[in-house]
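Below are two complexes that have chain A in common, paired first with chain B and then with chain C.
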Partner chain A sequence: MTAISDTARATRRLSLRNINFALVIFVVLYAAIVVLQPNYLDAALFMNFLRRAAPLIILASGQLYVILSGGFDLSMGAVVTLVVLAASMLIGGDPEMTWVVIASLYAMGLAVGLANGFIVSFLKVPSIIATLGTMLLVNGLALAWSGGAPRGDLPDNFRNLGRLVLKDVPLVGSLPIAVLILVVVTLLAWWGLHATAYGKRLLAVGDNPRAAELAGVPVKPTRISAFVISALSAVTAGILIGGFSGVSVNAGRGLELQAIAACVIGGALLLGGRGTVVGALFGALSLFALFTLLNLLGLPQALRDSLQGVILIAAVGASVLRHRRST
Partner chain B sequence: MSIDILPAGRARRGFRDVPVPVVVIALAAIIYVTAAVITGQTNQISFAGLTGLLQRTVALGLVGLGQTFAILVGSIDLSVAALISTVAVLASYLMQGDPGMIVPAIAACLALALCVGAINGGLVAYWGINPLIATLSTGLILQGVLSAGFTYLGGRVAPEYQALAYQGLFGVPLPVLLLAVLALVAWFVLAKTRFGAHLYAVGGNPDGAKLAGLRVERFVLAAHIIASLGACVAGLYLAARLQSGTPWIGRDGIYDLESIAIVVIGGTALSGGKGGVIGTIAGVLLFASLDASFNMFGVDAFLKQVLRGAIVIAAVAVYAVRNKGHVA
Partner chain C sequence: MTAVLEMRGIGKAFGTVKALDAVDFDCRAGEVHVICGENGAGKSTLMKVLGGSYRPDTGEVLLDGEPVRFQHPAEARAAGISIVHQELSLLPFRTVAENIFTGMEPTRWGLLDRRQMDERARSLLDRLGSSISTSALVADLSIAEQQLVEIAKAMLVNAKVLVMDEPTAALDDHDAHSLLKLVGRMKTEGVAIIYISHRMPEVMAIADRVTVLKDGRHIWTRDRRDVTINAIVTAMVGRELQDFYPARGATEPGSPVLEISGGQSRYLRDINFSARAGEIVGVAGLEDSGKGALARALFGDSPLAAGEVRISGQPVSLHSPRQAAAAGIGYLPGDRKREGIAPRQSVRDNALLTLQAMAPALSSPNGGARSRQKVDQSLRHMDVRAGDFGQEISTLSGGNQQKAIIARWLMRNPRVFVFVFVEPTRGIDVAAKAAIYQTMRALANEGRAIVMISSDLPEIVGVSDRIVVMHQGRIAGELPAGAEEGAVMQLALGVAAAATGREMAS
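After this line comes the complex of A and B, so read on.
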């Protein structure tokens, strides 16, 4: 009897420890926001919060795939910039063109993702250098193409993806299209990682590529696909960002680091092997709640970067300590 | 028998045995001269043209020297760009054109770099945080504080200090001499001292070095401090060169990525334990001559960024592609 109750207590303690760290941080931060601005408890305002956080969450779930495979994708921000600039130039204000252009944006994302994957898998360039290189390359291409100043504008049917809010939806009241897209993307990311053999293979590759290879996992295709998924998620985020922030040459600056930070806060292990989509989701929400809180407190925008640095160190440092204790 | 084997062994010596720095410098010279000849700017191949080329290597070269230590010991420093900006701004802010403040300003900058290096090294060596994340984060912290605190261009350096960047000795600009002297010192430390030998040991095999009785953490810490000091000197040079620092000077120069690229091009292994500063200097010469060639051809600034990205990838790939295993 005592033995059973002991194990029961042990499992309960374990499950307490397994509660997602990022979820707790998010709840605390959101509570702080509500204290400052009580109307954030409104369903409509919460939906709006989700809508603005959607690009970061989508980026984080894409980045998670690369992190789990053992790498980094620093070219995401540049892809967002490319998407926003390319969309404005290709569409040129013509609503007829929107869907064709969106398809071509995904083709560009596919190209960047494949390039990253091939450089890392076949040329053996460490992903942090490879994707920093493609970041420069893609950013430079986007700026050279647009001549350094954005031209043209986005038609309403394109921008609606990012900013339209459906009213009088049963159950939730208002529903931004961006949140709908967010839900679909997150479910897809969850399914891909936690419900397929592919997800298991990705974790195996990130944990120990050599062992995975010996066990018959196609390491190179698996890693390349992770970079492709990451780039495609950056395209999706770019379309949403273009929708509600409009066209700017700085549209994607710094987003890649925010996405990495979100994954790390969500408990993903750098250099691969461990991490969950739910963790990345709450990591991104925590980060965005923190930014919102800083805005409400009236702190300068630039300090965001500093705080992000502190969070990154704290999150990785905490996981190092946890790891050390458990081994 | 052994007489038979020796010539055979010698016969196998070929292109692969030429030291990397020699190949890289030759490549740099070929690129520079070809560009000058094709564009008809043969006046670039002169003493004045070459010193101009060398002048362009100084900032990146100084950062690269420090980065070499960090990479040799098996770590990496991504905070150098932010530190360069911080130092450049701090120097001009403290001097405010007053020659009496030159020495205190330099001392303050060096002290700051020491702290940043110690923090980087501490996070990596003692806390065990992934060096990419640790230094990226300290860079973010510095950059954030810097851009929040200095939204306007604060101050300017003393004219006497500025003159240092433009004066020369026997026709060689002082900054080029500074780079040469520091490169020599770095070479001496790495090649001729016990500290240098231990640094290679730690970078090549940290567990082995630990079992051999080396305090591995201290070497990682020291390498990070040296990397930060290198970035600090580069920032001080840029402040002198440009009269005043701006909060974006480091990021716009992409000194983090480019310093890593020149170190790797120079034959230093990203995994640590192999390489040296001569290669790094060769790498910076290659980058400077590429840059000069782009200018001679009149390549547009954005396109230059595209080419730089491609060159960095290609340069690292040349070494990395021979790896048998998988890389992170």
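After this line comes the complex of A and C, so read on.
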């Protein structure tokens, strides 16, 4: 009996270490930020940090579903761009339109997600190629639609979703709406993955699709839904980004890679079958803390991309090494 | 005639399994030496040693009397040993000439000499009596023509020894006949030909000598004149019966649980099959006999194109594994790594997978029948040995993985009526084998129907209540419990068709 509980403890320690990896990186980076700018310890500034990190965390949570199913979703950034441009043109500055337009944005996301899922499941195109295709397609359509120079403005009630900060909230002091949305989305993502039969199916599909199929798992619907979840999370992130950054044709550029990097830093296995929402959350926070740190250091913007590359390679390398040692 | 090739005391072990145990073998110039043996007898391993893919643990290989030690297949090929594999190894989108010369392309001033390549390919094909164009794409050729290209490739290096591993397995009668004529022609050119085949008529038609291997050991080598098909079959299967098979059910089997009538698919013809409650039906057959296709049809993985399937008298449609699982068919794959386990998930999650698959998507993954207590109970009932059921299943032994997958279906109790076991004990050690047989018998005694598809003859004979033997996509015959292994093998080999073999010889 003691032997069993010993091994049980060992495995629990192991899974904690998986999460700790991203958590440790985040704490170290945030500590470095605090050294440069001590006021980042204020609750208000931390909330602001979370608000700005919210879109990336939401994207990473969505991307995680696709990665766990054994794929990639490269079309996320394009969906963000589409959302920002479409919102500005459809709303045309009329606050009355906001909620109708938000509904239609989600419909567009649904369409992109379904398209990705169907192409991957039925045409058997590898997801990296399929979503590269939809990325180019969606980006191109968004730019053509806006004519390269977006017209129209986002009304305040739309932008508030991204930038409004509630003051004098008990316990936390100030609370940005975006952080509220972030908490809801992260909880939803956690619930879907770790507290439903669907989550178990998704992991099995990513781990061994053939075995999953033979065990009776509906592999195609499971895969398709992962792409839909990913696209819907991209719409949510796009709405927040439009809120605090305003309208730009580059709104979503490169976000898909950041989301993938966040998942990997958070311990998700790139070939599927292993990963957690908590890991993706801290992976995204680490990445965003890194960006903040580089800004504070005054490093040129271009170096951001290079360092992101280094971090990504280091994270994947570390996870491969960790895995090799365990087998 | 002296032997071109001699293999003396070849031994090769994989882990604790002896694949080859002091095997002697030789082949002379201008003879066809056939090797016979069951699946797993060691034929392929012996040829891989010869071809330089494996290094033997003991023994030596002599070529023209000189000892050779190949480190790599390319060395064996350069020394004049060519192997035509069962799965062709041609590049589909290259031309015939390019394939023949792969790895040894003629050059002029460092550039590819296409003209010389085409001319030499042409003359090789002419020698083989073939009119295939040297510029045709291999993908456009029939399997028989592709085999010819393989042989031409072998002749390019002036092969002294040509190994053909079940070359006619994928051919129809006409093409098989031409291939045998070609083998005859190669023989007159003085090539030593080693020919592996399951088809007895063919063996009798072309062999000069026959060697039988069994369990990695050499049984005998005899002149064709001195052997009969029966002698070969007996030598192939004759081995001591092991006593770890469970006692058969005391009661008569009940009503049919699973019935297939008039089943047809690309690989199956006229399948009429049934399995009754409480019985274990063994399905035997050689590698390409359609027994695997029957298993996949039962599990909706490659569905029947025509015919009717009933479960407990109700017609069901089995067009996907999910439908089959819903209809009450449990599937235990032979290749656990590829088809059974989700390696990085826990033992628990693997055991729960089918329940999760059938439950509402948004239901809790550990509620009700899926509670930790119930899984652990089921895993313990199957005697799955693991330090902790939360550990990744890939860390368990093959036997324990198999038991966890059985638990996966037992969790759906009592909705599984038919269990389809495919190669239930492949790669599993003897002790775990006995446990799996006990489980199968226990499942049958609970009134379920068990269909066991297996290449392991002793297992088929030892466990089955009824034996269905398949041959070339059809059910060749049915035998009662305790039938002789030889009788099963004769049906599996289609020995009734021996007459055509004699025609080939004349």
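Assume the second predicted complex is superposed on the first by the 308 of 327 C-alpha atoms of A that agree within 3 Å, B and C clash if a C-alpha of one lies under 4 Å from a C-alpha of the other, contacts with A are read in each partner's own complex, and residues count from 1 in each chain.
Here is the rule we go by: a residue touches a chain if its C-beta (ideal position, glycine included) is under 8 Å from a C-beta of that chain, and two chains touch if they have at least 3 such contacts.
Bear in mind that the values here come from a model prediction, so they are computed numbers and not experimental data.
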First (chain B), second (chain C), both or neither touched by A:133: first
Touch count on chain A, higher of chain B and chain C: B
Contacts of A:303 with chain B and chain C, given as first, second, both or neither: first
First, second, both or neither for A:71, with chain B first and chain C second: first
Partner chain(s) touched by A:141 [first = chain B, second = chain C, both, neither]: first
Contacts of A:119 with chain B and chain C, given as first, second, both or neither: first
Touched partner set for A:210, first chain B, second chain C, both or neither: both
Partner chain(s) touched by A:286 [first = chain B, second = chain C, both, neither]: neither
Chain A positions touched by chain B in one structure and by chain C in the second: 210, 213
Complex contact set, residues of chain A against chain C: 3-4, 7-8, 11, 192, 195-201, 203-204, 207-208, 210-218, 269, 273-274, 327
Residue ranges of chain A touching chain B (in the complex, touch as defined): 70-72, 119-130, 132-141, 143-144, 148, 209-210, 213, 219, 223, 257, 260, 264, 270-272, 300-310, 312-313, 316-317, 320, 324
Chain A-facing residues of chain B, complex: 123, 127-130, 132-134, 136-148, 254, 257, 260-261, 264, 270, 300, 302-310, 312-313, 316-317, 320-323, 325-328
Residue ranges of chain C touching chain A (in the complex, touch as defined): 299, 301, 321-322, 324-326, 331, 333, 338-345, 349, 352-354, 356-365, 370, 387-388, 390-391, 394, 408
